[in-house]
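Next, two complexes with subunit A in common: one pairs it with subunit B, the other with subunit C.
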Partner chain A sequence: MKLLTANFVQCTVKACGSSPDCFPLHFDQQIPDLPLELVHEDVDFSPEFICNILPRIEWAALLTTAGELGNTQLPDAKPEIENPHAQENEQLLRDLHTLLLETQIIQGSMRCANCGHIYFIRDSIPNFLLPGHLVQ
Partner chain B sequence: MSRPEISAPPEVFYSDVESKKYTSSSRIQHIQASMTLRALDVLALPPHQHILDIGCGSGLSGEILSQEGGHVWVGMDISPAMLAVALDRDVEGDLLLADMGNGVPFRAGTFDAVISISAIQWLCNADSSNADPKKRLARFFDSLYAAVRRGGKVACQFYPRDDRQTESILRAAKTAGFSGGLVVDDEESKKNKKYYLILTAGNVNSNDINLHGVKIDKSAMTRPKRNRKEESRKEYIIRKKELMRKRGKLVALDSQFTGRKRKPRF
Partner chain C sequence: MTQYLILLAQKHESFRKTELEALAELERVSVDLSHHDDNVPLLYVTLDCEEDARKLIRRSILARSIFEVWGRGNSLDTLHEDVKQRTSHLWPKYKHVSFKFDVISYQGSRTKEEQREIIESFSYVDFDGPIRMRNPGEVFTIVEEYKYKTDLLPSTERRELKDICFGRFIACSQRDIIDQYDLKKRKYIGTTSFDAELALISSNIGLAAPGKIVYDPFAGTGTYTNLSIGSDIDGRQIRGTAKSNITANYSQYNIKSQFLDTFVCDFTHNPLRPSFRLDAIICDPPYGVREGLKVLGSRNAERYADKLPTRLENGDLSHLRPDYIPPKKPYHFDALLDDLLFFAAEHLVDNGRLCCWMPTANEDYGERHIPMHPDLNLISNCVQEFSKWSRRLLTYKRRPRGCTTSLRPTAKSGRVYKEQFRDKYFRGFAKAKDHESVEWTEKSL
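== the complex of A and B ==
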């Protein structure tokens, strides 16, 4: 799962729907059987897409997620980019591209801060299926 | 071919064997690709969008999303076997194992567009004793409406079993807040007939959707006006009694005296 997607997924338990804590899902508690594993995977660079998605990214949540994954070097405020083709923005866009699209979470678990449900990630696929008692 | 929906739940039906068969069949690949292209054609999206593929399976339609316009997509499916095939095929999008009937697990305003090929008819089936298709449809469309940004568009191709399924899907979508309707391709052909549910969230200019070559059925857009004057008193009573019977009320039987006036006795 890309870090970009991790910035959009929330807890799928119905009772959590109205709670502000159901997003973002936290990576702070990992179980020994399923250690956290990240990998870098090359994806075609598209500055237009980064510019399109950037306004919708919750920067605070991204900082939390990145911090829990071990990257504490992100700037505190969301960078603003208006022209995707300007020379001076190129490096910034490439950094964002590497962070959001090329960083993949292969294995680990995510925790909802509201209900405490743990979602497992195996083979880069997070499992959002709920056990019977959590389905409304 | 019999309908897969009636044989087993999706996560059981799309087993390892069936998933491989589905993905390697060139006939299915061709149909899937043409339906994806048609859905994209109707949506008329600008390039580089963030798209959700519901019931992505082995990523056959996702591949097309990556090729056409460089979209970044996230796919969700309930069948682990199908997702395993997708992993083997090394698709570009992110994959999620999730049940759409429990809602799409994304926060508000995540996607520019949503696409779904041959998936949402599964919602009309109750696969376990505690599953209520009506609730699952409502939960699906409610969470979907939230996950699409305002001005976003949704195209779902599906195979309804009968008119009642189409109607319940349409009603659930309308209740969630979507506007839009049904596009039917190849209407005359029983075999090639294809239903596309085209929805928009929030304010979308109708010109943003490419309805070129789609016949718009006027009668579906305006409710037929009932001419009250042509209906006699007896017909009115019989119509109302029929309605009450449909609602399960206890209604007196129809007879030759129904709707007649009593004789003046005094």
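== the complex of A and C ==
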């Protein structure tokens, strides 16, 4: 799972849907059986894509996720980039590209701050299926 | 304004106009296709410039090529008259370039000698450039279409010219990439992997393009192209094996950078946050024929009535074990389509498209079978027919938010779902006996 994807997903328990705590899911508590593992995976750089994705990112949630995964370098407010090809934007776009698209979460777990349910990530694929008792 | 001729593939006829309209929207080319006829493989269009002609066709799968029309007629003589009248001012421009001539015939054919005769009858254009059969600078093509006549007539009586056109070749479509994505050559496929040609056409109709986010909620062993997010309830298909998985497919086609992510989820419990916007949703939902249609939940609802997790004998919580498999229950296909429309209305950007495949039995198909949502406009309904059933590619466009809708909102609750497609399929599309027809209500879902 790419770090970017963590910014798109929330707890799937229906009762959590109305709670502000169901997003983002948290990486702060990991379980011993499934230690957090991150790798860098090269992806072709596309400044247009980063610019297209920026408006859809919930910045506060991204700060939380990146912080929990050990990156505290992000600016406090969402950068606004009008021209994806301007020289002065390149470094910022490359940094975002590396963080959002090239950071792969190979394994670990994500926790809902509202209900406490834990979602596992194994072989880079998060599993959002719910156990019987959490399905309405 | 110049007239152009598009040669269309003689396949998936009802998809051709929809694909070209989508590409015109994607490439911002203004073109009128209202006169398109599903039975005719030649489509004449008027475009602003040659650049627009190239753009319109460059991503197309169902168009073959596009020509600048130099003349048109219903016989060779009328064609020559038209060419002389319309394009004599163009002849000097091509006087010295290398060139070749081609003859393409629909529903008829010409012998080599006849072809040469026709080509030589154009000698008045007076091109002096070298004739090159390989890599010529320009290709001039005579396209003829004959009236359909039965094969039982002798060949001399069969041939009756309907339309003949002379044009300068402009560009080819990307129809040849179908081969490149051929399922037979793909590393990782499943039991219901989708035909490459129709998958590419669906992507075009969904306006998938670089930089856009396209979601396929029933991805299975692959997703449609262009920065896709895929998900499926069956983790085995999403994961594959170490060597054979979705990533292997994307690497094989060298488009790994277009692939965003996959996750395992149940569509009725989707993790994408409500505020997250998608540019398109393109999918082939499970019809319940080759793959069972299941969602999270238990057939025996009372089992989880206490809402408490299940503990194993050793005291562990069963759902925390790595080999835990959550309970699932069967679901109604029509209910899934309703869920899909609700999801699309919530998540699509304004004017974003939902393309989804739906099977219908030919005997009792009617407009009422098409699911509707007040925030989604149905913009096309293309059919691929089989003997007793068909599948349809339904395309909806998200109405811009803030517009008032005239349609009555459809409430999902309390809807009664009639017989499923799968039941008809396994009955061989024969008439149902009364006791076989089961109604599904909200409760049984």
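Simple rule for what comes next: the second predicted complex is superposed on the first by the 136 of 136 C-alpha atoms of A that agree within 3 Å, B and C clash if a C-alpha of one lies under 4 Å from a C-alpha of the other, contacts with A are read in each partner's own complex, and residues count from 1 in each chain.
We adopt the following convention: a residue touches a chain if its C-beta (ideal position, glycine included) is under 8 Å from a C-beta of that chain, and two chains touch if they have at least 3 such contacts.
Note that this is a predicted model, so its numbers are computed, not measured.
*Asks:* Quick one: subunit B and subunit C on subunit A, clash or fit?
*Replies:* Here the two partners, once superposed via subunit A, clash with each other.
*Asks:* After lining up the shared chain so the two structures overlap, which partner does A:E82 touch, if you call subunit B first and subunit C second: first, second, both or neither?
*Replies:* neither
*Asks:* So in the superposed three-chain picture, is A:K14 touching just subunit B, just subunit C, both, or none of them (first/second/both/neither)?
*Replies:* both
*Asks:* Between subunit B and subunit C, whom does A:I118 touch in the aligned arrangement: first, second, both, or neither?
*Replies:* So A:I118 only meets subunit C here.
*Asks:* Could you say whether A:S46 touches subunit B, subunit C, both of them, or neither, answering first, second, both or neither?
*Replies:* Once the two structures are laid over each other on A, A:S46 reaches both partners.
*Asks:* Between subunit B and subunit C, whom does A:L4 touch in the aligned arrangement: first, second, both, or neither?
*Replies:* It touches subunit B and subunit C both.
*Asks:* State whether A:P131 touches subunit B only (first), subunit C only (second), both chains, or neither.
*Replies:* Only subunit C is touched by A:P131; subunit B is not.
*Asks:* Where along subunit C is the clash with subunit B: 130-138, 220-228 or 310-318?
*Replies:* For subunit C, the clashing option is 220-228.
*Asks:* Which positions of subunit A sit in both the subunit B and the subunit C interface?
*Replies:* 1-2, 4-5, 8-12, 14, 17, 23, 43-44, 46, 48-49, 52-53, 56, 58, 123, 125-130, 132, 135
*Asks:* Would you mind writing out the residues of subunit C in touch with subunit A in their complex?
*Replies:* Going by the criterion above, the answer is residues 210-213, 227, 229, 231, 233, 235, 238-239, 256-257, 260-266, 269-277, 296-298, 303-304, 306-310, 318-320, 322, 324, 326-327.
*Asks:* Under the stated contact criterion, what part of subunit B meets subunit A in this complex?
*Replies:* Residue positions touching the partner: 47-50, 70, 72, 74, 76, 78, 83, 87, 92, 94-99, 102-107, 109-110, 112, 128, 130, 135, 139, 143, 149.
*Asks:* Which residues of subunit A touch subunit B in the complex?
*Replies:* Those residues of subunit A that touch subunit B are 1-2, 4-5, 8-12, 14, 17, 23, 43-44, 46, 48-49, 52-53, 56, 58, 101, 123-130, 132, 135-136.
*Asks:* In the complex, go through subunit A and note every residue touching subunit C.
*Replies:* Where subunit A meets subunit C, its residues are 1-2, 4-5, 8-14, 17, 23, 33, 43-44, 46, 48-49, 52-53, 56, 58, 118, 120, 122-123, 125-135.
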